[in-house]
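Two complexes come next, and they have one chain in common, chain A, joined by chain B in the first and chain C in the second.
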Partner chain A sequence: MKELYLIAVFCLVFISAGAQNRYFTKDAKINFNSSTPIEDIIAESNQATTFIDLDKNELVFSVLTTSFKFRRALMEEHFNENYMESAKNKDFSKAKFSGKITSPIDWKSEKAVVVEVKGDLSMHGVTKPITIKANITPGKTKILANAEFKVTPEDFSINIPSAVRDKIAKEVTIKVDAIYAPYQQ
Partner chain B sequence: MKIRLNTITFILGFLILNSLVVKSQDLDALLEKEAKPLTTYATATFKSTRIVNGHSIERMKKKQLEFRVSHRFGELNSGSYNFWGLDQGTIHLALEYGLTDWLEVGIGRSTYEKTVDGYAKASILRQSSGAKNMPIHLSYLSSTEIIGYNTNQAMNDNFSSRMSFIQQILIARKFNESLSLQLTPTFIHRNLVPTEVENNDLFACGIGGRYKLSKRISFNFEYYYVYRANASSLPTTYYNPLSVGIDIETGGHVFQIMLTNSQAMREGGFIGKTTGDWANSGIRLGFNISRVFSFSKH
Partner chain C sequence: MANRKVLRIIVWLFVIGLIFAFSAIYYVFNMPRRNIAKENAAFTMTAKQLISDFKKDENGANAKYLDKVIAVSGEIKGIRTLDNHSMVFSLEDAMEGVSCTIDSADVVRNTSKLSQLKGGETATFKGRCSGMLMDIQIINSSPE
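Up next, the complex of A and B:
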């Protein structure tokens, strides 16, 4: 009987310890800006889902393209309808990032660090390798992370007709902001 | 001792099993599991708030204003003297605004019978899939038209005889990225009709649709069947409105170019008083231009 208790306690400790090394949030913010002097094009989603695995230093992000909100309703419609083609299939309906933190990071330090994240960015059915500089503040109850990087629509086969080419920035600036909490399975 | 060994085996077994389960569930799988089940609404069922002449289920979203200029030339069969209709023109100007994401109001002015019109269009159901499943869009349109025309004595004597009231139910479905269809049961009450034999009440049903030829160009058609009990005894021969057109969208503008047998560009006119006959080249070239302005701050 004593042994059974021991087993139970041991297993519980193991499970909770195993769960502690993953952090996640379902409402990370992602915004992008492709404004030009002619037109302001800014959109934001606060519905990105993301995980960090502290053991493997892995990081994933996923956001539905339809969750981006624009100031102009028509722009939002065209973003999904003409550029991202969100309704085409499941791969087109979201943007995904899956990568690894390649610079050293001490998850116990609770001090903000700038790290390099290498991984694959997928959207519009195209996957491209990308390296991003991110700020990460480790913590026991929460981990803060933010990053800013640029992408070129043409790299992801997003076709911009010549008539509107001057209205959309050549490089789109993407900002990511996430507050992670421990993930309980 | 035997029990000890069993226990150790059990713990080891559990540890291996547990670590296997944790390992096999990688971050990608966790993403799939935790991603919010979202409802995806069918957007851009039509490119414009009109299919050709009649309303589509599309409307301006909150704080978006649309300015519309619609124009119909004269009838193609009016001969070379009238440059096959291009010498004439009928114009409709309109301002349409989204009070909320589901309610649009609009006002307009036509040269045809110098009509002023005002309407409200409410979206009741939205086609969606995902967490919430809804196969169709359903909207309700209520419009009032006031004829400005001062050559009719009865209208000059009594203001209310200038008025007509239109009620429409718009049922649409976006079948896929290219094809959308709409059914539009319509009821029109006219306080005054041109002759005694004509009914004040008019029932009609529209069918319309669009097929996308490319990302920014679509082919549209629209037909209204108008029920007239005593069509043969009417002094004027009315035809059912039939229109075909092309939508071209360029950023904030939508251009609609069409061929139609109707002169009027609002419901009471084109459903109630279309006199052009397709069989006799009684058709007109026309266009609608729309420009959207946003008053949204965020």
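Up next, the complex of A and C:
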């Protein structure tokens, strides 16, 4: 009887160690908003891929810059050709964030918490450290996460001609919204 | 008298030129979106070929396929509907295959065709290649 109990415990430990504690989605939403008195520019992509590793408290996000939709087709063209230079090479065609959740989080709680995520944001071939505040709601079948932060285009060597500088905000607000599901390989 | 006539013509020409210039600016500013469904595919290929091209040389594949219209066919490994009513069909692999996103308006336009597609079947989608993350993304697609 005792042996059976030991085997059961051993199996349980083995199963939980074998299970990958990763959650993902390929349909995360990212939108950005540049608002000036002259013009509001809003763009959105529904095709960001993101993973959370619950054991390491690590999080990665990536999105193709060509997947952003703007109100005007011309804005989309300018965004990709003049500013992000998406076709230049593979580092220019996507934006990436990888970071670690530095505040305590209990993945079993199912209660919404505000956490700090420290990491690196890469786009337009430039990588910068960034700290983001995020809302995370843990759950067994799904994890909700959203965040809002600001970036300055010039920090990422994105050149904006002086003729249109007034039409683009100094700081662009980025919003991220993801619903994660368990990842099974 | 002759001078006044010349002046009149100049003024009219100027006004007409101005109208042309403004309508050109207006058109460019509000230029219509590409209608991918009506464009001819620049490449017709299998999802497997596209995946191997991207895995082999991402920069080279980007130069060749980025923003181009591709008709890609492969085995459906995943179908999902997003909360904005667009649909994603994954070809060959649910994680690292080719993901064809169909915008909600095109989902409505192709309801009967799409409802017949099931996992395990081979299907062809035509759309604009937006590059590779884990998967290769084909956006603004429609079923062929």
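We take it that the second predicted complex is superposed on the first by the 165 of 185 C-alpha atoms of A that agree within 3 Å, B and C clash if a C-alpha of one lies under 4 Å from a C-alpha of the other, contacts with A are read in each partner's own complex, and residues count from 1 in each chain.
In this text, a contact is a pair of C-beta atoms (placed from the backbone, for glycine too) under 8 Å apart; a residue touches a chain by one contact, two chains touch by 3 or more.
Everything quoted here is computed from the prediction, not taken from an experiment.
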Following the superposition defined at the top, how do chain B and chain C come out on chain A, clash or fit? clash
Quick one: is A:Gln47 in contact with chain B, with chain C, with both, or with neither? Answer first, second, both or neither. both
Counting only touches as set out at the top, which of chain B and chain C does A:Asp177 meet: first, second, both, neither? neither
Considering only touches as defined above, state whether A:Lys90 meets chain B (first), chain C (second), both or neither. second
If we overlay the two complexes on their shared chain A, which of chain B and chain C does A:Lys26 touch? Say first, second, both or neither. both
With the two complexes superposed on chain A, say which partner A:Glu148 touches: chain B (first), chain C (second), both, or neither. neither
Please indicate which partner A:Ser67 is in contact with in the superposed arrangement: first for chain B, second for chain C, both, or neither. both
Chain touching more of chain A, residue-wise (chain B, chain C): B
For A:Ser98, using the defined touch cut-off, is the partner it touches chain B, chain C, both, or neither? Pick first, second, both or neither. first
After superposition on chain A, the stretch of chain C among 2-10, 74-82, 110-118 or 128-136 that runs into chain B is 128-136
Intersected contact list for chain A, partners chain B and chain C 26, 47, 49, 62, 64, 66-67, 72-74, 80, 87, 93
For the complex, which residues does chain B have touching chain A? 3-4, 7, 10-11, 14-15, 18-19, 22, 27-28, 30-31, 34-36, 38, 40, 42-44, 60-62, 64, 98, 177, 215-216, 249-252, 292, 294, 296-298
Can you check the complex and tell me which residues of chain A touch chain C? 26-27, 46-47, 49, 62-64, 66-67, 72-74, 80, 86-87, 89-90, 93-94
Counting only contacts in the complex, chain A reaches chain B at residues 3, 6-7, 10-11, 14-15, 18, 22, 24, 26, 47, 49, 51, 53, 58-60, 62, 64, 66-67, 69, 71-74, 77-78, 80-82, 87-88, 93, 96, 98, 161, 163-164, 167, 183
List the residues on chain C that touch chain A in their complex, please. 28-34, 58-59, 62-63, 66-67, 80, 82, 84, 86, 88, 95, 99, 101, 130-135, 137, 139
